[in-house]
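Next come the structures, one after another.
Shared chain: chain A. Partners: chain B in the first complex, chain C in the second.
Take a look at the complex of A and B:
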């Protein structure tokens, strides 16, 4: 089957939408990397658990996607803060490896509680079914536009917080130079609490949007971890703008690869892109030259 | 009962090989390998496929070791340019990549159907009984050689250098030693041990499929190493025995607690591995036997 121009456009659109969704967990990863300074392997499972919380809200009998979203956000923030207070706070000051290994533990523990009490079944959100708009072969799903808009809005709010509010400024100060930030009287405890709450909200939104676009299963968040890592590294670690750009690039690249290598090799494309960037430009597109070793 | 204990012992010894390899990489050299299962899988499939094509087992085992080490070479090279946490991400990505290749390339691996009928070791002695004792004895010998090799390495000037790399790489360079070659060699050595473990696994279980090589296996090995104490030679022995007691024990727990399905038990296992990673990192980073450094 020959690939027409229309097909390419469709893949591009899909790739951009996927990229905008991956950008949410990528932002969560990059914020933790920049401020708490370790790769948080539990990011994907925070998404999964939040999405299940959203499904749980709908199971109570409402079809409101807004209520489900609020439930997911509350669950995501709570989960993220609980594990910060229990695990990651105690590991501050130790080597990043300790937090990294512990975050794998958090990922497994959180997912196992889900499968133990909720089971392994796949779920979908109850959303009104709508037909795709068709512009001469270029298909647009209103649902896709909706999830992409939510993701964009979340990013705008995040950037507004980072650049316009005192707590955001303090976050950036700690990311930039923790010692100097402390010398200036920034209390890192409060900032970290805000950071982990933000991470929880970002994961929850990412989980919800992926859940709306596809299905919710216990493994789906973990499977997005490698693509999110790849997007973070492509964009440059610690750079929120880079995270978004990296995620969109990754989304487009993996969609465009589908006609060539088939859909199951998406993760492999992410991995290949990650390797390429690490070899050619280890600091990523927007990373600073001096990355903390 | 004896037959059962020998079978469990064989699996414990296979994990012991993996743990020794990881301990060499992480415990002594500080290379974070989150992709242990990838080299295990490469070894298993290499040996199994060669044996199915009529090779004798001995050369097939050697090929498994060599191929696993060869795959470790580029990743070891990459580790020279990356800080520790990046290597963790790259190796984790690599293990998922390998698993997807095993799933997709059906012409080679028969995909998710799996490879049945792999020749058993010591098949001329029948199945079970003496054949298992012989496998057990071979594994004990291999582990003894691996431990001996490791002790020798650790006590040699080479080993002191390896440990110095973990503690302070810049100092190693300052005294005019090249840590780079050593790092790559250690990474390949550890991967070779994992490949050997994979070959034993393939010719003991006699059936391979991609879902035997989930990232969970990697973290079984990590937990075995952490329990035993990272960077301790005897730790790998104690850790892998305790791991098998736990894995097998959880199987028997079902007989005592009625109404627990195998699926739920898998969740419990995942929960305990996660909890183990969290609690050991928090409270006993030196393992159960070691004293705080």
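Take a look at the complex of A and C:
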């Protein structure tokens, strides 16, 4: 099969959309990694539960995707804060592995509670299906544009928060040097609450966007965890810009490889790229060298 | 330094001896008393729409067999585990069933990946394995003839797809397959059968599970302008693929296996998208008495009609075959001796029977029986595979309507 320019453009579009989708949970991962300093394995399940909250809102009788989204965001933020206050706060100051193991437990707990009450059936959001816009073979899906716009907007708001507001500045200060931040009188309790709320919102948006594009099932968030981890590592651990760039890069690379290696191996290509980046730049594209203490 | 032996010591030793001497006897009595069956149905994961029903069906028929006095002088005892439709989880569960519960048969594995992962364990333990999986390789990997398949192989599904595609006059078929033994088996089976008929498959892709989008894969297939796409797929991926295909706006037709194209798919994507889609599934042996018995029991156990779960009819037949084989093998038979009787009680030559009580009575009179199953006629070939009939369902206004029954 000959590959035309149009095919490549279509692949590029698919890759960008998939990348932007993964970028949301990657941002949530990298923020926790940078500020609370542990890999949060429950990130995917926050997405799942938020998406189910959105489905729940629609099940009440509304077809409004906006209301569903707001429900998901509220649920995501609440969930994330509850688990912080309940589990992760008690583990602060311990080795990161304690929080990591706890987060795996939180993930299992959250998923099991979900399946206990709603079962294992798949769900979909009630959204009208619209035909793609066709520009001479280049196909653009309105749904995809919507997903991309929401993801971009969320990132814009996140970066505005991190760089333009006092709480964002404090977050970055803690990420840079927790001891120095504390010495400067930054109250980490408040900052961490804000962090977990942000993480919850990011996960909720990621979950909603995934649910709109694909299907909502109890395992989908957990399955997205590995790609999100890979994107975080490529971009550089703890770097929000790196998270977005890493996710889009992996998405585009894997889609563009399809005509060459076929769809079965596109994931392998993404991980090949991960290896390559780590060989050349072990700290990731935008990461800083971490010093083990 | 010597210490006198007190009365207490003697008593203690005596009690210990007495206790020790009873131990092996207790264990022996347990072995002879029950036949231990492990169930490994897909309660969670991709098979979850069917798994609970499959297990309930097994529980119902086991209760029936036990109520009829058990089989071969033994009661059946169940140990339930969840395969999660995942090979790794299923292997752990199977190990537990074999090593801790000491089961003598494992029933109800559903996805081919799970069955293929569990088979080496059951074979090593020398116990019976009964499944609803389709992967062709299961037939040949079963070297000790301990594996029994109650579902049509994917190869046979592929043949049925090809018959339907030919009947419907399609000329340019393409395939899309979920990357596992079953998905690829369907697509390959179709390709083989179609090329035997002198046709050509214009495109084929194998795609990965758990992706948010399959646009790229669709793009590759649709570029060849197929008039029909034959899939080896499951429900979640089919949902995504159909939605993205519909949105792409390029006309084509679809032939899908019934475990993907079911009422849940219609609910997920809406009537308009699936209008005219062809769903193919093995059909139960609906006119048989055994099917009626199963249907009544399933209604009672699961609160749904028996026709909503073809796999529950298969698991019903699993216990039935096993129990009848135990009865035929007689008291105290080993697993191997029971296994050797399965074809004897299910295959032709012999009086047709439909319930356990009937079979038990005739076997007691030393007559040859032929159990006609609820899921199919249940005649096992040399690989332990069966050949059910296939139903061709067309989705019309959101309802699956059976338009044809295909025998291959």
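Throughout what follows, the second predicted complex is superposed on the first by the 264 of 293 C-alpha atoms of A that agree within 3 Å, B and C clash if a C-alpha of one lies under 4 Å from a C-alpha of the other, contacts with A are read in each partner's own complex, and residues count from 1 in each chain.
The rule is short, and it goes like this: a residue touches a chain if its C-beta (ideal position, glycine included) is under 8 Å from a C-beta of that chain, and two chains touch if they have at least 3 such contacts.
Computed from a prediction, not measured in an experiment: that's the story for all the values here.
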Touching partner for A:90 - first (chain B), second (chain C), both, neither: first
Chain B versus chain C as contact partner of A:255, first or second or both or neither: second
Chain B versus chain C as contact partner of A:279, first or second or both or neither: first
Touching partner for A:197 - first (chain B), second (chain C), both, neither: neither
Contacts of A:161 with chain B and chain C, given as first, second, both or neither: neither
Touched partner set for A:120, first chain B, second chain C, both or neither: both
Touched partner set for A:264, first chain B, second chain C, both or neither: both
Touching both chain B and chain C, residues of chain A: 115, 120, 262, 264, 267
Residue ranges of chain A touching chain B (in the complex, touch as defined): 38-39, 41, 87, 90-91, 94, 96-98, 100-102, 104-113, 115-116, 120, 226, 229-230, 233, 262, 264-265, 267-268, 270-271, 274-275, 278-279, 282, 291-293
In the complex with chain A, residue positions of chain B that touch it: 32, 34, 78, 81-86, 88-90, 92-94, 96-97, 100-101, 103-104, 216, 219, 222, 226, 263-264, 266-271, 273-278, 281-282, 285
Touching residues on chain C, where the partner in the complex is chain A: 43-45, 48-49, 179, 205-208, 210-213, 215-217, 219-220, 223-224, 235-236, 239-240, 243-244, 246-249, 264, 268-270, 272-273
Complex contact set, residues of chain A against chain C: 1, 7, 10-11, 14, 17-18, 21, 115, 119-124, 129-132, 134, 139, 141, 143, 210, 213-215, 217-220, 223-224, 255, 258-259, 262-264, 266-267
